[in-house]
Amino acid sequence: MDVLIVGGGIIGSSIAFEVAKRGASVVVIERGELAQEASSAAAGMLGAHSEFSADHPLIPLALASQAAFPAVIAELRELTNIEVGWNESGMLKLATTAEEYGELTEHYEFWRRIQPQHVRWLTPKEVVDIERNVRNEYGAMYTIDQQVDAKQLSLAFTHGAMAKGARFLPYTEVYDFIFDGERVVGVKTTSGTLYAERIIIACGAWTPMLAEKLRLSLHMYPVKGECVSVTTETSLLQATVFAKNGCYIVPKANNRLVIGASAIAHSFTKTVQASSVHHLLARAMQIVPAIAHSTFEKAWAGIRPQTKDGIPYIGAHPQYENVFVVTGHYRNGILLSAITGRVVSDMLEEKDVPFHMTPFSLTREGEGHALRH
Amino acid sequence: MDVLIVGGGIIGSSIAFEVAKRGASVVVIERGELAQEASSAAAGMLGAHSEFSADHPLIPLALASQAAFPAVIAELRELTNIEVGWNESGMLKLATTAEEYGELTEHYEFWRRIQPQHVRWLTPKEVVDIERNVRNEYGAMYTIDQQVDAKQLSLAFTHGAMAKGARFLPYTEVYDFIFDGERVVGVKTTSGTLYAERIIIACGAWTPMLAEKLRLSLHMYPVKGECVSVTTETSLLQATVFAKNGCYIVPKANNRLVIGASAIAHSFTKTVQASSVHHLLARAMQIVPAIAHSTFEKAWAGIRPQTKDGIPYIGAHPQYENVFVVTGHYRNGILLSAITGRVVSDMLEEKDVPFHMTPFSLTREGEGHALRH
Amino acid sequence: MDVLIVGGGIIGSSIAFEVAKRGASVVVIERGELAQEASSAAAGMLGAHSEFSADHPLIPLALASQAAFPAVIAELRELTNIEVGWNESGMLKLATTAEEYGELTEHYEFWRRIQPQHVRWLTPKEVVDIERNVRNEYGAMYTIDQQVDAKQLSLAFTHGAMAKGARFLPYTEVYDFIFDGERVVGVKTTSGTLYAERIIIACGAWTPMLAEKLRLSLHMYPVKGECVSVTTETSLLQATVFAKNGCYIVPKANNRLVIGASAIAHSFTKTVQASSVHHLLARAMQIVPAIAHSTFEKAWAGIRPQTKDGIPYIGAHPQYENVFVVTGHYRNGILLSAITGRVVSDMLEEKDVPFHMTPFSLTREGEGHALRH
Amino acid sequence: MDVLIVGGGIIGSSIAFEVAKRGASVVVIERGELAQEASSAAAGMLGAHSEFSADHPLIPLALASQAAFPAVIAELRELTNIEVGWNESGMLKLATTAEEYGELTEHYEFWRRIQPQHVRWLTPKEVVDIERNVRNEYGAMYTIDQQVDAKQLSLAFTHGAMAKGARFLPYTEVYDFIFDGERVVGVKTTSGTLYAERIIIACGAWTPMLAEKLRLSLHMYPVKGECVSVTTETSLLQATVFAKNGCYIVPKANNRLVIGASAIAHSFTKTVQASSVHHLLARAMQIVPAIAHSTFEKAWAGIRPQTKDGIPYIGAHPQYENVFVVTGHYRNGILLSAITGRVVSDMLEEKDVPFHMTPFSLTREGEGHALRH
């Protein structure tokens, strides 16, 4: 086998899709079901603009991924017939306090310099003119932000990769590696031993434990994100509405709204706290008062991988050069899925990657990533 | 057939159980599944004390029913092997505002006169000594209040009645009656026509529509009650905690807490409003702060039958004397289930009922219940 | 109000959609949630060809409805953004016994005369060439048969009607009519009294009970249909496969197969019999052996309205001319949804209906439909 | 900490319960939720007699555990108030073919020698006299076999251990051990590093992967067991009915029957095959024909740990003497839960264990268990 990918979430699947398209033989190993965990729990914003208000190494990848989405979605639909609920209705960032107003101004100014044609400042009246159910506060509209059903997109990458010849082994767990000098030549799994030319570790928040077996300390931790959803009789929103203090409201098909998300660091527990349900609903009703009359649907949680410096790990193992680690996307995993497969495939083929990848190195300077001796 | 009961909730089933025990042949018709609607949605308090703070016609029945429960539970367990989660851990009423303090004093004084041995006034310190997770406020403990799993108790009555020979026809709907002069001799149902000596209408909030076909106007309306449940790692409460403004917290098996309930009049819609989830959690966290860290489980709603004067209907039809109506128990249906079957069976057998039943008459004075001409 | 529709399933909603489009004010009353019962339980075949092998009054409507679907789907998507999973992958009818071979020949010959361009006879080898997972038996392919997700289509009609101004009252029950001489001027409901110029009864299998109140005996009965679904790792089928003895296999999105359906007459009970699950899986594994290795998903049931002569009721009440009854579509309700709204709207407007509607009359000759005196 | 247990299923929890009772400080680490996997999927037979028809090292433990159950259940109920659905209605083994008749005779003779007072041979007529819904075949009744709700019993051990002071860390994963010469002094987990005097590995089918990190090869494999459940209107069975070819029918509360179980070796996949649902229902309807009319409820799977020689591993690590492994109970984990905690606690305290434990040694002779070098 050419490439073995550990992790059947959206990152592993999107890499499998691209690698298989380029003709390599691929196997993906997943310890549970495919497209679970953070990949299915995400609210599905493809918000290249929502996360950054200053220069950041991820911005070029985020913009490139967002731009790539329409074509990727079309390609996946053609291959799999899976509907992923994609649309490009934009994101409305809102300021509900003086402090948020300051931050929004800064955010708006930052993006106005980069993409003036896609950003628009809004007075409270203009906010209500555009989204009549939103509270009248100052806002900024980022017109090209998109969104998808994250679970369906993850499944589309999975089935798209299958259509291109990739094989998936769900309910299979890697518990050790097979070494041959300076190379890792295979993995021991609960479905038997597998050998491969190249191995990619893309296990989200569970990556560090596997990396330990390769004598690599990753400075990562899990961040639980909790969401609730409600349904309404008529459509309340067109755009995603994003306020500070962990509150965004994403309008989905069938008059459904996803309200996210808490950020509870260092928890692998997929339970939802009562206080989080309370807080998310309170914030949502403050921003869109009509949500008070909506029908409560459900609450859930996902465990997202965060790194100490907030930059994903995308790169080769410093010692075992045929092993790659791709993780740490935190809240940007869905957004980056369209480009990650291409970047990693370029690395595998030793092509030039059209992005500056040094900041994503596994041994970048700073607070850690030390190889253990 | 001797007796035909329309309605397979806890009231219809408890009547079927007693009637069958006394040797009559019984058929129960239910348009959906058995033991659904309000019977399965209730929090399951058997709180004879919680609902009343002044004289009320229901008090004698409530106390008698509460006293009857231990024996009824034992009998049903013997017959059906169904566990109903009964316990007698008491009810702690709490005052969180000055207004509630006044009401609690009145409530306590009322019950102290009736059952001094079962009531105890508590200082904030005493409240916390008894229930260490409850906020330190003045309270009163009603030591003999009990609780059950309402759904399981409803099923136990259903299966207990089956064990005594009653037949149940679920998914069967009555759409008309068969008259013979001044008697109703049968019903037309979606499972065919059935004839009976006596007919009992016990359809909860859906009773008025059927009563109309018997030219009887009942002054009733539905009141939706919404609940949420949470689970905790360790037990937070022993007693049920009851505060004003529609908030009670009922500790169930497996460290589960049921938090209820809203009261939305005139709604048959079994959806849960987002604002209700928010409000119930807010109140619960205020009274038992550790609930903030509990795990959210789910939310649900039930439709309870309320009468205009707040007194159930239990009695014979003014014109068709072999027809009886038993409904309108609002929040007291589970509590009254142990005694209702006996009272109604006595009526059917033309025995003396050991309670003053005039206030429950279908044609009692006041604002309605007029027979249509 | 111009038009009041009782019944919020796919028939009621499709009528509401068309009536609202033509400018009338419409209210739809539904006693439970919208788009439930048979409308959400159906497998979603739009098989104009699968049901008939001889002349039948429904054939012109079925073909017209099937032809109308692509445009209707597009219109609903534009209005509601709801994906209904429509595709036009055809239907493969299979003969697994000598008796079925005879029937298939007859069926094929019948349709070859009507639509030679859309029918193709297949040898066992050709069957396997087209659908490699199907057992090698003689078959016939009906190339233009379509399918949808029935529940989503029903919701699309509901929300499409809302977009055109129709109002829906879920959890509202009609329990009586208001008469004024030879007209029905309104209905009494659990949400209050409503008046309308015209009233349409479209309550599926529950229609006869309401019709009784209008002194109309409909010769109808419920037929429970049970289905199971399975999922597979790779796609097993493109076309719907239809064999005799109540077995069809409908390929859905995400490698899901719906296997239907039993036909249990005179049952309103929405439970699934163990023997039906057993039988459906046995037949499916016989026809598509690889289903043995599929993952079992779930089982469910719907209650379909059937008439004694197998022809739906679509027409005016013989006495109350402003009341219309539209029901009895049995297994063809989803298929006929695209045309039913138009036909009924034409009737309401007293336009010429472009179909021969006498066979659908409520008082047609034969075994019943007598007006009661 | 005195004792650290890896694995929060019924084995780990029952050890935690006993160890905590004896006064040691205990922490249990579980990578998912507590009481999941095989512990919650089991049908809950406590059938000391059903599994063996010849001498086997497990028989003394099985009989002792069965005898201990009534007292353990009472103790857990007292501590936790959790109902576990225990009863002692016996097991009816049935022979439906000539081959099974021979095996049943052998089985009966074996147990008649050991416990003549608890075994009874039954003619077909006697079978039907005792269980009137069972097919008239030869049978044998093992009168003291018991059963529980496996999931509830597992939770009762968990919460019983908590009540005795044990701490549980759900959603926590062990990914490495900390060594100090010939001792393992702690574990690295996703919730941080933990140190303990003694460490017990009780991870069911997932144990071998962890054992590998301690240089121990366990000859084990997973065996998936699939079950279905149905409900009936009246009780069909009193005793558990056990026929060959993987079919047992266990009567539960509320007229529910659990039908199990397939045995699919080498699968960690918790999906249920369509063919298994088909096969389980077919066998159940053959043995208890009235099951054909029962209501299908659901299907599920659990992954059970099996060893190569069929004997569990219960013993100390050959090299790291403060590490113990307890796993491989296959279909006997629930049955053995009442005694396993005591046996392991005795081992930890270096007391004499009142059973012959050599056959359970991790390094027993035969086909493996070799320590890796």
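All chains are identified by letter, namely A, B, C and D, in their written order; residue positions are counted from 1 within each chain.
Here is the rule we use: contacts are C-beta pairs under 8 Å (C-beta built on N, C-alpha and C of every residue); 3 or more make two chains touch, one makes a residue touch a chain.
Keep in mind the model is a prediction, meaning the values are calculated, not measured.
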Requested in this report: Report back the single chain whose CA centre is most distant from the CA centre of subunit C.
Outcome: D
Report summary line: The larger set of C-beta contacts, choosing between A-D and A-B, lies at A-B
Query raised in the report: If you average the CA atoms of subunit A and of subunit D, how far apart do the two points sit, in angstrom?
Result: 40
**Report entry** Inter-centroid spacing, subunit B versus subunit A (mean Cα positions, whole Å)
**Finding:** 48
Report summary line: Residues of subunit A that touch two or more other chains sit at none
Query - Chain contact graph, described as a line, ring, star, complete graph or other shape - result: complete
Query - Contacting residues of subunit D [partner subunit C, same complex] - result: 230, 271-278, 281-282, 284-285, 291-296, 298-299
Query raised in the report: What residues of subunit D sit close enough to touch subunit A in their complex?
Result: 170-173, 175-176, 188, 190-191, 206, 208-210, 212-213, 222, 266-270
Report task. Over in the complex, which subunit C residues touch subunit A? Could you list them? Result -> 81-83, 85, 87, 155, 159, 162, 168, 233-234, 253-255
